[in-house]
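Before anything else, here's the structure in question.
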Amino acid sequence: MLRVEGLKAYYQMNYFGVRREVRAVDDVSLTIKRNEIYGIAGESSSGKSSLIKTIAGAITPPLRVVEGSVKFDFGGKELDVYAQRPAMKAARWKHLSYVMQGSMNVLNPVRKVKHAFHDFAFKHMGLSEGEFRARVESHLQRIGLDPRVLESYPHQLSGGMRQRLTIGLATVCEPEFIIADEPTTALDVLVQQDVLALIKGVQQRMGSSIIFVTHDMTVHAAIADRIGIVYAGRLVEEGPTLDVFQRPQHPYTAHLIASLPRIGDTRKRVALGGKPPNLADPPSGCRFHPRCPLAVDKCKSENPPLLARNTGRVACWRAGEVEAA
Amino acid sequence: QDFIAGIPRNEALIIQGPAAQNAEWFNLWAPGGGATTNGNQQLTADTLWWINPEGTGDAAWTNALAADKPVYNDDFTQMTVTLKEGIFWSDGVEFTADDVKYTVDTQIAHPGMGWSAPFTVNVESVEVPDRNTVVFNLKAPNSRFHTLFTVRWNAAWIMPKHVFETVDDPLTYAANPPVSLSAYVLHSYDTAGNWVIWKLRDDWQRTSIGQGLTEAPQVKYVVYRNAGNPDARVIEQMNHNLDVINDIAPEGMFTIARDAADSTAYWFPGFPFAHPDPTLPSVLFNHQVEPFNNKDVRWALALMIDIRSVAMGSYRGAANLAALSTPPTGSAITDYYQPMQEWLVNYEVNTGTRTIKPYDPTTAEQIAALVKPQWGDQIPSDPTQLKAMFGEGWWKQDLAAAAELLQKAGFTKNGNQWMKPDGTPFTIKLMVEGDAIPTLARAGTIIAQQWSMEGIQTTVDVAGPTNGQRLGGGDYEAAIYWTVETWGGHPDLSFFLESYHSDFIKPAGEVQPPRNLTRWQDERLDQIIEANRTVGFDDPKVVELGMDYLKLAVEEMPFIPLMAYNKFAPFDTTYWTGYPSAANPYAASGPNWSNLRYMIVALEANPNAPAAQ
Amino acid sequence: MFKILRDLLRYNIEFAIGFVLTLAIFLFALAHFWAPLPDNAIYLLPPDMPPSAQYWFGTTSRGQDVLWQMSSAIWNTMLFGLSVTILSRLLAVAVGMISGYLGGKWDEFLMTINDTMIALPNIPILLLVYFVMRDQMSWPVLALTAALLGWNYDARLIRSVTLSLRNREFTRHAVFAGMSVPQILVRQHLPYVMPVIFFTAMNNLIWAIGLEVTLSVLGFSDINRPTIGGMIYWANQHQAIIAGIWWWIAFPIIAVVLLFLGLFLLAISVNEYIDPRSRLSRMGA
Amino acid sequence: MDGFAKYLVRRFFQFFLVIFLGVSLAFLITNLSPVDPVEQSVSLMTSFGATDPRSVELMRSALEELYGLQGTMLDQYLSFWGRVLRGDFGPSLSAFPTPVMSLIMGALPWTIGLLTLALIITWSLGNLLGALAGYYRSNVLLKLSGAAVMALHPVPAYIIGLVLLLAFGFIWPVLPISGGAQMNLQPGFTFDYIRSLILHGTLPALTLVLVGIGSWFISMRSLVSNIVTDDHVVYAELGGVNSSKIFSQYVARNALLPQLTGLALSLGNVFGGAVITEFLFNYPGVGRLLIQGIYRGDYSLVLGVTTMSIISVAVAVFIIDLLYPLIDPRVRLG
Amino acid sequence: MSALLELEDVNKDYRVGGFLDRSTLHAVKHVSFTLDAEKPEIFTVVGESGSGKTTTARMILGNETPTSGTLRFMGKGIAQVRTRKERLDFMSRVQPIFQNPFEAFNPLTTLDYYLFSTARRFLGLKDKAAVDAATDKALQHVGLSLAEVRGRYSHELSGGQLQRIAVARALIPGPKLIVADEPVSMVDASLRMSIVNLFRELRDTLGVSIIYITHDLSTAYYISDRVIIMHKGDVVEAGRAEEVLGNPTHEYSRALRSAVLPPDPVVASAIIREKLRAI
């Protein structure tokens, strides 16, 4: 369904002679199957949004694809996001939709919500105006929104409703692939649960694939089939959700899981020491090595490849020890 | 499409008029009412006598509504006038002596009306022994009383009694449409004030001007239009949409002369083109301000002026210079300027160390030499002709004498800066009005430069609309402005001289009545004025007294006369010919003067005019 | 400072062009201090000479060299325009920021004054002030008057920027870090207001120059001091356009246009440099 | 609802305060003016005739009485407000006794007609070009037109007008250069009159458009270039919404809202006339009236025009403030 | 016992709505609680968004005046803090920590400016060395040093570090109370822990009371001594953390409690599936 190969996307900036290159996505390869929910987790600023933007073909300068490819497979036809731009443009919303980070603010503040549906979806559906309206209304009802919201302006709706609306907007054409960046951040827990159920439900009904990003591990736990863990622009671990939670292979993942608090448990949790890596000047070798409790000399000089291990893949020279620790 | 809707271009004379603030107003007798120079005064009003400012001797005098010249009793306390017969108002009512009496009585009864004040001051009573005779009984002897009814620019116009009688308050009556006593009547006007159209009366013969004509005037319509800014005026004339321009800068005139020479007529057939108005732009000094009360200082400042540069700078050479304190126009040339040449040439000034003869009778030739490169053959070489163009002569610039005079007055020189006797630097603020009288502003800048170069720092102060008030209130040091105005066509100087009497001089800060803006006070002057009051208007002694005044003014130099106010008023000859000129000065000092009516009835249609479409 | 200049010159073509243009005009204007003749001296040269090798920009009908007239005129006009702009910016910034930050009664008070000033029509007020002041109406007084009339709309813009900054967390944080109101306004908010200041400064400058020209054309100006308006005034007095003395008006206007374009390019490129957004990307945030 | 009523009352109060302060300030400045209408009239009447100083004295006091200029400044101030509240600015001093109001009313239709039309054209064109230039940044044609607008922006109104006057009045004389309509044409809804109005209005309107377009252009362009990076625009682009729709509905529409305030303000300013343009083309509007009033020291007239202008700007700002929540769905009153 | 902070029946209403549809919103209703001066504690406020948490915090900080009710800090009404001097005095005892560490520091100002300004103003220090010393001391408490921070901008540090600096800055005046409004909601799980651990330390070593506002029930449970749960402006439940969160009684608290997804794929996905079926 989606094949990302050797993808490198950097923020290349040149302001008044100051050249900077932020390697936000550095050599990422992954594949996503039909009817699968793939979650991407990681530290703040580790490049999650950059990765997903690159996959969605939603990059604007200074973010540039340096190497690699992103290919979708819609109904047997392969579509290379960066090589076939017109086809890509035509596929948007029909086959592929995108929920941006901060999607509470993506609706045009001075137009009623219904116009957004019309602008984005009408041309793909091949319906008459009346049918289209009916379809949108029933779709909204299905995701628990009163169709009257169509006559509202975005600011008249609460954050949770807007979040739902953008999900509704992203799913109304029933695309085969949905890309979502932090679809539940900034929602309180009660609403968050509804939205997650909604996403899951839509996905099940349409059988689409979803790739989404969040740093909230409980969200991954709730809906993802597989998880990829990103650290400093690289995919460091990937595997079925349950396995990643229960048997993390990479020291960073292990630490992440261990630091999750639970109600009823007040045992002291230790935070990761050190400082997040600077993507403009990443550490040599394994990028996690300055903060890694297991680091050895090899980690400082050689970059570990992402290799299959157990049910998933991991990039660590000392993957074996992690399990043991 | 016609240029003017519904009016054939070749029957209309288009004159530059003012923008009327209050276009609906045609009451000439109430103040501030509206425009008067839009034809209302020139084409519909009439009074007893007219003087042609360009004329000389008897030819300058016209009996209009009066059948004859005024007749005074011996002590000038009574004036009797006989009126013409057969003159009718445009609404068919006959003009009679009652109208004249009504005019005087009504204005005395309404202090706000235009001529109310002079009537109140002068008139005891008016009698009408019969319908053609009016007798004015005066409060005090006044040999010039008739001048209130004598048009130079304007005068007390006669009111239509039968109209005003029906009006509650003559001060708020708009007189719209006006009833005409002259050859034209109102045809239509723009409520926005941009134009007024007047039409020849069907019964034009039944007017004072019509009675003198043998043929019907060819100008059927007179259009006064506000043709916009000076550039627009020039363009409009070159597009033949404006026959008569009232006033433009010399350069505008030169442009027309260059680009539209074939279709334009001027006062002079070539350079300097301009018509000299009988007014006298001068450098005014405030005699109530130190050190301008010192005649040596005034003379020194006069001698620092290089009049050739002033002529070039203000008028590009097209200036008619005046050394005497009366405008060098009309009859003044033969009455005063020419007879006094010899006196001027021999006039001596004592500089404190020596005496000099400052007068230079050759300035006309010198200016001719300066403008010759540009105008070539248009500049004659005959000195008499040159004097007619550029004036009789002026004071020679004499910096040494000026310095001596200043030293004589107690001034000292510190480097290139003159110090006053009290040790402070001598600086001058030279006030000009600015935009409204551009040539005078120009003259101001060049004189300021000359004084500054000689060590008297002079800045030009543009007073704009406050100019009149500041002059009147004595709120200035030195200024460039009109001082003396005369009849032009008559040697009598009472026109301005009366107001120079020391009785009327106000203390500093208070408003001074017009004319004697310099507040010049001199017993000898008072004597001349008093003597003039007791001689008749046409008495030959008038000229003698005039000369006395002029000599006194040279000696005292109360203000520095510069030149006549030259007005550039080109005439488009595409549709009309026969405009007045220096060679045939039958009328029209300037197109906004009331005299214009004599020009309008004299114009002839150009047979080569483009046919009306 | 020097480094910023170097950076801008080297890496920003717009700045480079703007800089060169502005500098050229500035130097040209500066040159009037070395003019061969006093700038209000008239009729010392032959009048009406078209541009030639001797008189590059021709001479005026008043016998002045257009080149040197322009030089002082631009200097004086620039001085006037910049004074108005700077004064009015100071006012706009002070009122806008104080009003936006303090809010409440202060805001209401300042905005009422502001709205009153907005409603005052410029030209009649200026002309009336001109009459009141008369010969005391030197150019600094005129600049002050114009500045008093020219700040109000921009103060509103600045106020709205400050208003949005007021509720930012860093402002609240600054309060609890004990920073005083001036410290907060100057250190914390001013950088965000700078782009507005620069942007409005350009329009204000043009407005000020236009005002000077308008007053001159209407005949209200100090004719002893050459300015762009003054040149137009005198050209007008001599009907230069009709008489074909086009160089008297054309060259000064071209200079004004170039000056404006230069300053505009400078403003947008400096704006980009000081704009917090691009400054942050430059710093690597 | 009570909150809104409170807001309305407060806003109303501010509105009247603005007018009160503005007009009072104008009154003060006007009355400080040293130009004395009596002196102006006296000098008008005496400058061309023989003048007996005694009569001038008489004339002066008669005029002072006639113009109602006696009394202290405070008296005059109070009676001025009394009159203003009745919609009367008193008699014009230079066109005595015509009321100032009727002079203004005579000039106002011209000014409003010309300026409103020119403003609407300027505003639409400037904003359209500015928005296009801000959105399609690389379009050469737009860049060129942008450069032209920028180069025109600093040229003083007077020069633009003068060049137009020369071009269309002289070099290629196709348009009338002076006045508001053809002479001697009956005003009315006739083809000829309207045609003539349009012909006469063309050059002044063109001047106003060329003069005014720059600032709209510049501000719109910068507004748009900020908006194009907003999330909702980026998102619409990602959603495959076609670019003309994005331009009109997502970019221009949002950027226009702040420009409406400017439009309202300019509409309010219309009542003050366009001094230079009217002066140059001799257009019979308020601006020309004002200048004449100033030249003639007619301060009732100047004050009348100024007051009208202050009130109309205040009203325009007030109306746009009240309407803004209806125009811009985001705005909530605090 | 002497009270550090007392809230007595505090209410706050807002006028909201547009042009024609205005109404009153009761953001905070009848809130009362007391913090003990002698016994420092971590007092947590939880609740869904819009439940009035921030409004309460703002009232405690004196940034907002209550519509009714009183707030007293160390016996003195917060509303009575008027003069600049009183205000400074108050601020030196009560300090805030904000939600977003990147937002709380102006990106164009160096971080030390905040620290120095606090030291100068509240400690009245003039001498450069004394300022440095006070600052460094505070930074040491959060595991940093002035050397690491001096001259740096917010973008040069991680969110966790920034939040620590924010805490250090708040510590400089020697406050009795720190009000932290959602201090961890913008950071990842690991950073979250480092900050809440710090709170615990401050309470234990410096005796600072902390009002911790969050909607993250897991961390609330992890560090709180006492908890109140707010819902639509009301305090629906209050008490010791283990009791309120471990065993909630109020209906809303229970709903909230059950909505918390555990970091366990088996349980979490089951909850979602359950939810799905319910729709």
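Lettered A, B, C, D and E in written order, each chain numbered from 1.
The working rule: a contact is a pair of C-beta atoms (placed from the backbone, for glycine too) under 8 Å apart; a residue touches a chain by one contact, two chains touch by 3 or more.
It should be emphasised that the depicted structure is a prediction, and the values quoted were computed from it without experimental measurement.
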Name, by label, each chain that touches both members of the pair chain B and chain C.
D
Return the chain pair with more inter-chain C-beta contacts, choosing between C-D and B-D.
B-D
Note, CA centroid farthest from chain A's centroid sits on chain B
Just the number, please: Cα centre separation of chain B and chain D in whole Å.
39
Per the C-alpha means, the centres of chain A and chain D lie apart by a whole-Å value of 55
Cα centroid separation between chain A and chain E, in whole Å?
30
Indicate the whole-number Å distance between the mean C-alpha point of chain A and the mean C-alpha point of chain C.
50
Give me the residue numbers in chain C that touch at least two other chains, ranges are fine.
131, 134, 218, 241-242, 284
For chain A, give me the residues that contact two or more of the other chains.
none
Among all residues of chain D, those touching at least two other chains are 34-35, 162, 166, 279, 294
Which positions of chain A touch chain E when the two form their complex?
42-45, 144, 158-159, 187-194, 196-198, 200-201, 204, 215-224, 241-242, 245-246, 255-257, 259-266, 268-272, 275-276
Name, in rising order, each residue of chain E that touches chain A in their complex.
48-50, 157-161, 186-194, 197, 215, 217-219, 221-223, 245-246, 255-257, 259-269, 271-273, 275-276, 279
Quick one: in the complex, what on chain B touches chain D?
1, 3-7, 19, 21-22, 24-25, 30-34, 111-112, 114, 116-118, 120-122, 144, 147-148, 152-155, 171-172, 187-188, 190-195, 197, 223, 225-229, 231-232, 235-236, 238-239, 436, 464-466, 468-469, 472, 494-496, 498-499, 501, 503-504, 511, 513-515
For the chain E and chain C complex, residues of the former touching the latter:
61, 63, 88, 91, 95-96, 98-100, 103-109, 113-115, 117-118, 120-122, 153-156, 166, 169-170
If we count contacts the way the header does, which residues on chain D are in touch with chain C in the complex?
14, 17-19, 21-22, 25-26, 29-30, 32-35, 150-151, 153-159, 162, 166, 214-215, 218-219, 222, 265, 268-269, 272, 275-276, 279, 290-291, 294, 302, 305-306, 309-311, 313-314, 317
